[in-house]
Each structure stands twice: as C-alpha cells, then as structure tokens.
Amino acid sequence: MIIVIKPHATQSQIDEVTAEVEKLGYTPHTISGALQTVVAAIGDETTHHTLESLNALAQVERVLPVQKRYKLASRESHPQPTVIDVDGVPMGGAALAVIAGPCSVESADQLLATARAVKAAGATLLRGGAYKPRTSPYEFQGLGKEGLRLLRAAKEETGLKIVTELLSEYDADIVAETADMLQIGARNSQNFRLLVAAARTGKPILLKRGMSQRIEEWLLSAEYILSSGNPNVMLCERGIRTFETYTRNTLDLAAVAAAKSESHLPVIVDPSQGCGRADLVPALCAGAVALGADGLIIEVHPNPAEALSDGQQQVDFGMFRQLMAGLEPFLKAVNKPGIHAASGSLATFDAASASA
Amino acid sequence: MIIVIKPHATQSQIDEVTAEVEKLGYTPHTISGALQTVVAAIGDETTHHTLESLNALAQVERVLPVQKRYKLASRESHPQPTVIDVDGVPMGGAALAVIAGPCSVESADQLLATARAVKAAGATLLRGGAYKPRTSPYEFQGLGKEGLRLLRAAKEETGLKIVTELLSEYDADIVAETADMLQIGARNSQNFRLLVAAARTGKPILLKRGMSQRIEEWLLSAEYILSSGNPNVMLCERGIRTFETYTRNTLDLAAVAAAKSESHLPVIVDPSQGCGRADLVPALCAGAVALGADGLIIEVHPNPAEALSDGQQQVDFGMFRQLMAGLEPFLKAVNKPGIHAASGSLATFDAASASA
Amino acid sequence: MIIVIKPHATQSQIDEVTAEVEKLGYTPHTISGALQTVVAAIGDETTHHTLESLNALAQVERVLPVQKRYKLASRESHPQPTVIDVDGVPMGGAALAVIAGPCSVESADQLLATARAVKAAGATLLRGGAYKPRTSPYEFQGLGKEGLRLLRAAKEETGLKIVTELLSEYDADIVAETADMLQIGARNSQNFRLLVAAARTGKPILLKRGMSQRIEEWLLSAEYILSSGNPNVMLCERGIRTFETYTRNTLDLAAVAAAKSESHLPVIVDPSQGCGRADLVPALCAGAVALGADGLIIEVHPNPAEALSDGQQQVDFGMFRQLMAGLEPFLKAVNKPGIHAASGSLATFDAASASA
Amino acid sequence: MIIVIKPHATQSQIDEVTAEVEKLGYTPHTISGALQTVVAAIGDETTHHTLESLNALAQVERVLPVQKRYKLASRESHPQPTVIDVDGVPMGGAALAVIAGPCSVESADQLLATARAVKAAGATLLRGGAYKPRTSPYEFQGLGKEGLRLLRAAKEETGLKIVTELLSEYDADIVAETADMLQIGARNSQNFRLLVAAARTGKPILLKRGMSQRIEEWLLSAEYILSSGNPNVMLCERGIRTFETYTRNTLDLAAVAAAKSESHLPVIVDPSQGCGRADLVPALCAGAVALGADGLIIEVHPNPAEALSDGQQQVDFGMFRQLMAGLEPFLKAVNKPGIHAASGSLATFDAASASA
C-alpha cells in the first residue's frame, strides 16, 4: 500500500506512520517528494492486515492499495479462459450460449410453450424464476416448489438445461436438485452467505452484477464462490443503476470487455434487465456479442402484456426468433461458430430454421 | 394506473388497450387529449394485477402508476409516529437514541473498553458486528458466536442494549438471542428472505437503506417486515452510492425528512458509513439531528488506526465524547430533551459529565 | 398533463386544482379512481404554461407530463433518418463515418503524422482540440488559434474534414472558419447560449451528451440547435458519470439505440472518452457499430504515453489500424458498405490496405 | 505521482517507465514490493507535465496522483476563512447570509412583493433569474434586460443586494452592472470560459456545484476564477444527480463540511434546487446551518402554483417567514449571531418580527 502523508507533517508524525506500518507486518519505505512524503508499505496485501485504517491518523491524507484484491478470479492466476460445463452445455467456449425463457414461471402452459419456442429458435438453456425477488411484498412472488416441478417437466420434454434463481440459503438444496445452473440475482450479489451456500451445492453459478457494484466488487463476489471450492462461476452483466430513466438500468457493456480482461471467468449479458424495454433487447444482444460476451440470457414470454412480472422487458416468440436469426452475422464477425445446442452440438442458425 | 398511448395510434389500438385493462380487472376510462390519448385504469393497484406489462404493447408509450406501493409503512395508514421499545429504550420518541460501538467486535478488551466509553458519553445502545459482510472473502469476517458472547458480556456489565447485524437466515435465532435489535445491512436491504427471517424473530429491526435503493424501495423493504407481522422497524439512512469519491458514500440527509414525511417509522442516521471519514462524522451528526433524525448509529473504536475493519470512519473515545457534548445545542434546537439513557431516563448531557 | 391528487383530499381541494388548470389554459378532466382522484389536463403541453408548478399545492401528489418535450428532434416530426453533409462527407447515411485524431493539437508534427496515419487507415474526418476544456486551469489548455492553423494545414494536405471543439461564444466565428463540423463538448451540453452561437454559424454540430444528462435532456439540447434554424445536428454518446471507477465514464451504448429510435438525428459514439482506457476502445467500437451507431470518434496519438492530455485513452497508429481492420466484419453484419472516404467514396477496408 | 507496474513486468519494462518519468521532468524512485513494483515520481505535480498518460504503457497498471490539484482554493494556501464583501454584506463571516427571491423574475409586481417579503423576514440579498438556463427551448427563458431593470428597481426600494445568474460571456458586463454577486449555475460549472468572463468583471461569484461534479472538480472550477485574479468566490452546494427520484437532486450536505475543510472559501446551500420540493426546504435549511453552511439561497414566490419556472420548489411568503423564524435556534447552536441585514447589522430574529 502507499500511504500519502499530508503536506507540512512533522518527522515524528511520519515516524508514527512507519511504526504503525511495521507493527502491522509490512516493511515501510519512505520517499520524500517535492512537497509531500509517501510511505510505501511492502508486503502481500492479501495476507496482511489492511492498512486502510491508517486513514484514521490525522497526518495521513490517503491510503492507496497497490495490489488487486481478487486472486482466484484474476487472469493472472488463470490465464486461460474458463469453460463451464452445464450438464453438457459448455459456457465460455467457442460458441455463444443462449439462456432464454420467462421472467417468472407462471403455469405449465406458459412455461412449456416458451421452452418449445426458445428451443426451436436455438436456445440451449431455459430460464424461469420459481422464487422471485420482488421489490414489493404484494407483487407475485413466484410459484416456488411448483415452479421447480414445472421446470423439471420442461427439461424432460425439451432437453433444455435449467437456470433458475436461488433466493434463500434454506432453498439451496431443493433448487439445486432442479437447476443445472443456479442464478444469484443482482439484489443478492453481496449476500455473501447465499454465495457460499450456492457454491456448496456444487452446481455452476450464474452471478449477476449488483445494481451498484463496481467491477472489482463483482469479481470479489465471484471470489467468495471460488474460494468456497466451486470453480464454476459465470459472470452476468445486467445493468447498473444510474440517473437515466429512459431505460430501467444502464447496461454497462464495457464491463463485459473489462471483466474478460481482468478475469478468466465467462461473462454473459442480460439485455432484458439491462434496459427494461423489449424494443431495445435485439440491439443490445448484437452489442453484447460484438463486445465478446460468452452468452446471453433473454426473457421471453408468450404474451408479454399479461406477464405477472416485467412484461415490458420480455420479447414474444416472434421477436425472439427474429432476434436469434439476427445474431448470426455478429457471431460470424466474432468468429463464434454459432450457438450451442443442448447436446453440445452447434445449432444450425439460418433464418429458415429459426422461423420454423 | 395511467396508460399513455403513443401519438397517431389507431382507434383499434386504443381499444386493444382498454380491452386488456378490463381483462386485468380494472375499469378503463379513456381521455382524448390534444395530441395523445390516455387511458385511466381505475381499481386498487395494490390488489390488482400490475399493468406495467402493458408497456409491452407497441402502441403504449408509458404506464404511470398512481398509488403508492407501500401501505403498512405509510403515514396515511398510521398518522402517529411509531415508537419502538428496544428492551426498555424507546426509539422514535421524544429523545434522541444513540447507538455506538465498534464496526466489528474484535476482542473482549476492545469491546468492553468501547462499551464503557460510549456509555459514559451518553449512548444507550451498543453496536458491534459479530458477523461482518465484507467485500472480499480475505477480509476479517467477524468473530461469529464468540462475538455474540462478548456482546452479551458487555451488556451484562454496562446495561447497554445490543444492536448487531444478521447476515444469514440460518443465524436468525442465535443472533436474536443476543441482540435487542437486529440490524439488516445495506447489502441485504433487498434480501427479502432475510428480511422475513429477521421479522419472524420478533425482535425490533434496524433496516439500513441499500446503496442504490430509492426511498420508495426502502419503504417497500420495510413493508416486507411489517407485513410479516413485525411492527418494530426502524429505518437507517447510511449513504447512497454516487460518483463522488471524496466520501465513501453520499449521505442523503433529505431522505431523513422524506422518510419521516412518507412513513410513521422512526428514522436514524449512520454518519460513519455515510461518509467513511471520521473527520466528517461530528458535522453529519449535527446535520442529522437538525433534520429530525430519531437517532444516530456511530462507529467508535479505542484505536481506529489498528481497527480490523473500516478504521478510517471510526472515531476514538475522545472524539466521541466531544461529538456527544457538541450535539446538546442541536437537541435543544429541535426540542429533544436529550439522549435516552439505558434505563429510559434521559442522560445528563453537559460537557463536564461527558468528559467524566 | 396528469395531476395526481393525494388520497383523502376534499372536493374543494380538487376544485382548486381544476380551477388552476383552467386558469393556465388547459381543459380539466377529473377521474375518480378507487382510492385517488386524478385530473387530466388537456391541451398541448409544448405551447401552454407548465403545470409542474401545481406540485406546489398541498393536495397535489405528483404532476405527470404526457407529451414528449422535444419536437424537431423527434422521429414523429421527421420519420426519415437525417443525413448530414460535412463538406462532402455524409454522416448518418449508409456508411460508417470515422472521425479520428489526437485529443489535443500539440504540434505540427504530431498533428500531421496523425492525420496521415488515420487517413491511411480509413478515417475521413480529423479531430483535434485547439481549445481544450480542462478540469484544472493548470492543465494544457490547447494551442488556440495556432491549433486552428495546424488543423487547416492538415486538411490541406490530407483532405480530411475537420472536427474541433467550440468552447466560447466569442470564438464561434473563428472556429467555424476552420471547422467543417463544430463539436460541443460534454461539459457544455447544457450551455444553451453556446449551443445557439454554434447553431448560428451554420456549420454542422456534433453534440456530445452531458455527463449526467438524461436522453430526453440531450435531445432537448439538440432542440436548441434545431430551433435556432440549424438542422445539422449529430448526437454523440460519450459515456455518463456513474459510481464505476474502472472506466472513466460508463459508455451507455443502449442510448445509441434509444436515441436513434426517438430521433431522426445521426448518432455516433466516442469510445475514447467513454471508457478512458485505450485497451477497451477496440471492443467498444465493435459494440457501437453492432448497436447501429452512424459513426465513431476515436482519439489517436503518435505516442500516447507523452500526450499532453488524456494519453491513457488514446490509441497509437498501430492499434488504430488494427481497430479499423477489425471493424470490417461488424460493418458487414450491420449491412454498412464500409467507411466513408473523404471524397464520399467508400474506403476499401481489408487488413492489407489498412496496414499499408 | 505513483506509477504502479503490473505484476510480472520485466526489468526492461520497468526501465522504460523510469526513463519516461525522467524525460517528463520527474525524479523516479523505484520500490520493489512483495509482488509488484511501484515507481514514485518526485516533482511538483502542478508545475510538471502530467504522468497520467503513462497509463498508455502496457506494463503500467495505474497512475496515482499524490498532490491535490487545487492551490489557491486550498486551506493550505490560505488557512483563514475568506470573507467576501457583497456591496457591504459580508459572506463567510460570523453571521448567516440569506439570499432569497423567485426562481425567475416574472414581473414588477411579483419581484417587488417578493423582495419586500423576504426582506421583512430577514434576508439581505435578493435572488431572481433574468436569464434562465432551461432544459427545453420552449420553456420560459427569462425577461432578460427587463429582468435586470426590475432587479435594480427592487434593490433601490429595498436595499437588498442582487444575486443573479450569468448565462453568456456576452452578457458579463451588462449583468455585472446590476448584480452585486454573479451566479454561475450548475449547468455552467465547467463552462470555463464563462468562469473566466465572470471573474474578470471583478464582482463576487457564487459558484454552484455541477450536477455530476466531484468536490475536487468543483474546487478546480473555483480555481479558474481565483487564478483569473478574482478572490471573491463563494461555493454553493445545490444537489447532485443520482438515481433517487423522490427528490429532484440529492443534496450532498457532507460536501459543505468537506468543502469548508478543504478550502477557505465560504460555502452556502441551495435547498430549493437541492431537493426540488418546497415541503423539504425548511428541514434542509436547518441541516445546512447545522453542518456549518455560511449561507442559504432560497427560492420564494408569491404564488408558487403559478410560477413560470420550478413552482414546486418555491416556498410562499408564509412558509418563508416560518422557515426563517425556525432557523433561530440552529443559529444559536452553531454560535452564529443571526442573519446579516442589508446594512451589515444583524437582523433581529424572533418570531414576532419575522411575522411582522
């Protein structure tokens, strides 16, 4: 760490800092600048006591960390990109992974119709919330166990892998029985106990970025899962909260490139949450692919206007088919061979089959 | 709800909207404006299906909710301010409640020394994290059960009531055995299952505002607790995340007045988290009192420079005494009689006793 | 506008609102809902007195505008996309327009070398600040008139069109003599007098989005230019200010699709300012093209490490050539025929010519 | 500056950095840490070339500035608080300065009535916009020169000093003829040419913080004025733009204490813009005084519901009288003797006189 001393500090004040640095296990190294002194504290920041508390000293202006705070998630620790196996579907590899399905599981009909439609259009994983984190307690909270049952039935019929959200530590085992990949939602991105509980199921984890989470903090949330012994973490950019109100969130597509540069973990994009408007979803999918996203998670509903949650951001079957067909030239542009089909083979992807 | 139709929509497109409104249980009322048509959907928005999904229709420009989404938390439902009894200490009443103590419980010595000091200066409740939500898994995670034991010992000696954070649904019972008030931290402000688990312990709840939570959403998080049958919720403004980096968060003091106007629940302020800098804490305490806060929660440490977490925002004993003495004229200005002592009697509050 | 009346308002309070609405020239239309009354005020919001001031009445809960506030900038007023002619280079048409050059004009050598390099790689317009808006008065403020002279010389040699920033009303004429397109920077996006002064030069305007400007407000800034009689406005998304610190700004690529949907004006992207890091620029360029941007403005410097301003976000000549070559497949994916060459012909765009 | 080198950089890459540091005029000092090397560049950062461009080198992870970027605005350069004389009214001294008046000057009657009312309640300066920066070109733009004439007439009658906004460099002289203090609005806080033009009039400047301006950047805007030879700068916190929508802006009251700690300049608060809601203005005034503000600028209108701009945030005469009377105990709490009357004498300030 670098400790910046205020201008006009006395030598004894500087000595107090270096003594404290030594006491906390680092080797201090004092550099007297033109106007200010800085103390470099040499030692591994991830194994020593933090020095940020030195800010409490009156003569200290700032404490600047030098090292990155994440290890297992970093590119340096693992230069090759990680590919995650989700019950046979690789994520983070050569092809694009498309997870699609309704915001919430609402009924057998709604889910099955959607599963068939997204499969026909090339998706290989089915999303659908059985437990829903809703801002108000009076909003639809999901079908719970019945929702899980419907997801299993949809998998049985279509072969699509299941991605569904885990809301509660108590539900970790029961949700993991159904899910091929557990989703941790944005509101729980720093619910560290839930991260650990999810990690311990052994299932791959889809980790959404929190609404006000910096990229560094997002990777540290991933670090909680990785350091709990579960190496299968996939990051998901889903929009951050800003002052803009035209879109529900501001999709930070630069974060895709940033996360892939800083980390070896696969990164996907949720354009539905990311903008909260179905009309912008196709353009954001194209942008995500162009920026190197490893996958997409897209909300699809048979009749969005009547959806029990977030209809405004769900595309209908026709829009989804078009959207998937429209991705083809962008996949070529990034040298991705296509979209993974459930069996691991690549889906054929021409307009004809997409509209079949 | 008000559904704004796009300009140039056809009559049949408008009819489609009104039909949908009826189908979802509302009575539509069409108003043709100068350039645009709006449909007012009449019905109780809290008991009907949401109409926000109507945004999915191409001819709909926007859907504007009319009613407030919270009920039990609202002033309308409960015009008198709520006073919460925390093991004999009233919060939200005539006097100011001061919760003080270390960010983390670090040791018996550290906690007891702090408890004695904050009591001597007039605090009536002791804070201290036994379970700590830390951004990195490599940071100090708290002493856990041993931390709870130390908190009980400190209460036994000093009589201070205990406020400590609940991080996990699994720990609800064990933490509730020690805590007189359970804290839900900012990172868990929309961890709805934890809110419900905390509510069910029957203990009063201190609900921090999330880092990117709008006031409406914060009150809806309170609504989760209230609608679970626990009426004892106290709101805590602790700073929101913005672009400013001089302070760790931006303390939104207007939110204190806003929350007290919208809701009957008591509202306190956490200036320590709110700015992340000990030097600004005293001024923010004065501001919070002036704006009508019902209490303060302040981080105090015997030696902040060596604190295991967040030393830069913790005040030492001398600063805390000064800060408390300095609040006296502001308490007079807002007609608060003083600060609640543990027995419910008011602490005497002159500089002499404060520095005793 | 829709005026939402508070619950429990009396009839005479409602009458006061409708009387005020009439007085301000609208026709009131009262709708009594299940729990609340709303008053629809019928009249053209763009030609009448605002009703937002009615929020001042105690019985009014909220005033919701219905109409969009921009007219000339809107798609409704002008369904076809606008193509701007910048001294022979069309912007907003079939091809992608690439503006490239140094952040600041620093010297004849630096500018000419850069102009040659960006032309060789396919750019058709040259950027370069002669007047620089710098956060600190002690930072390099640009070469001023000498900078303009160097830009003219670079145009003379290379034929590249000149895009340069206007900082002061006083400089409008002198900058317009050199510039083929005047840039209004993010810090001046709501400097309405400068917008009007720029408009009056008759030159096409590149209007950057302000750092905290909502899309609606950005279009209203464009409306200032359009309503001053200058139809040639091009919007530029350049990143908004958020809590994220990994990037200098958060590039809001959804705003490209949003602005193109709401408005007929061409929209370009500034990835250099947008992220503040040269390493992310190529990925953001690809994303911008995929999202439908009409052009790019990219900072290029012969030796970024020694740049007098913002070196960290400037790419060098080699990176720029690679970046341009890398855009080719994305141009194909969006059916753009290529990049406009200065003469209006399309640049050939294969890796071989790009590295020539 | 501190240059953090990436882990695993080679010695020759480190040498390249130190060579560059020397070339740019600093003395490099290399410190090899446990895992990473840092180079301290010793030299006065305010007189040397920036090193931030070194981020452009691949082996550089980050460049951390050490020194503060503002000089004349800093406490270090000027330990005593600055008191500004506004035509006889001291600002930044012992007493609180209250600037009050309408958002916009609308008519002789409106302005004079307001001037009389605010004077009677204790204000010593009159605000009122003659030139208004409005988000839309279709909104009321102010009365211009006629507005200035009305302000002069109001001053003649009441003796109140005039504070009014400067929007255009061209208007600097004409506005300075009328204004005793020139206001630079939030939208122009980084319109550096306007800052300099305002400075050169010699009038005291009220500098509002920009909507997305960090405290450091705000002080650097002040530095533009100070370094242009005008020492009379007063800072005004007026709310920053965040995700919250309950209030129009988020008033950052901690910034008052921060700015007063970092700088010697007086700091006032604009609660009207700061929250955009008249109902919260009185509480925010109390908070501002408690936090040490040197003054307040408050919007007052005879009939806010019919105001031509921002009625929702303007208080009426009765509310203003109450608000002023309500400040008295807070002034006592901060040891301020009262509010400056126009003559420099202190206004008497009991409820009786306030309601006279």
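Read from first to last, the chains carry the letters A, B, C and D; within each, the first residue is number 1.
By definition in this document, a residue touches a chain if its C-beta (ideal position, glycine included) is under 8 Å from a C-beta of that chain, and two chains touch if they have at least 3 such contacts.
Here the structure is a predicted model, which is why all the values come from computation and not from measurement.
Each step here moves to a touching chain, and the least such steps from chain B to chain C number 1. When every chain is reduced to the mean of its CA atoms, the largest separation from chain A belongs to D.
Annotation: 27 Å between the Cα-based centres of chain C and chain D.
Residues of chain D found to touch two or more other chains are 212, 241-243, 245. By the touch rule above, chain A contacts chain D in their complex via residues 2, 4, 7-8, 29, 31-36, 38, 40, 42-44, 64, 66-67, 76, 241-243, 245. Contact residues on chain A toward chain B in their complex (touch as defined above): 20, 23-24, 46-47, 49-50, 52-57, 63, 69-71, 133-139, 167-170, 187-188, 190-194, 210-212, 217, 220, 223-224, 227, 241, 277-278, 304-312, 314, 316. On the chain A side of its complex with chain C, the touching residues are 212, 214-216, 240, 242-247, 250-258, 261, 274-275, 279-280, 283-284, 286-292, 329-330, 332-334.
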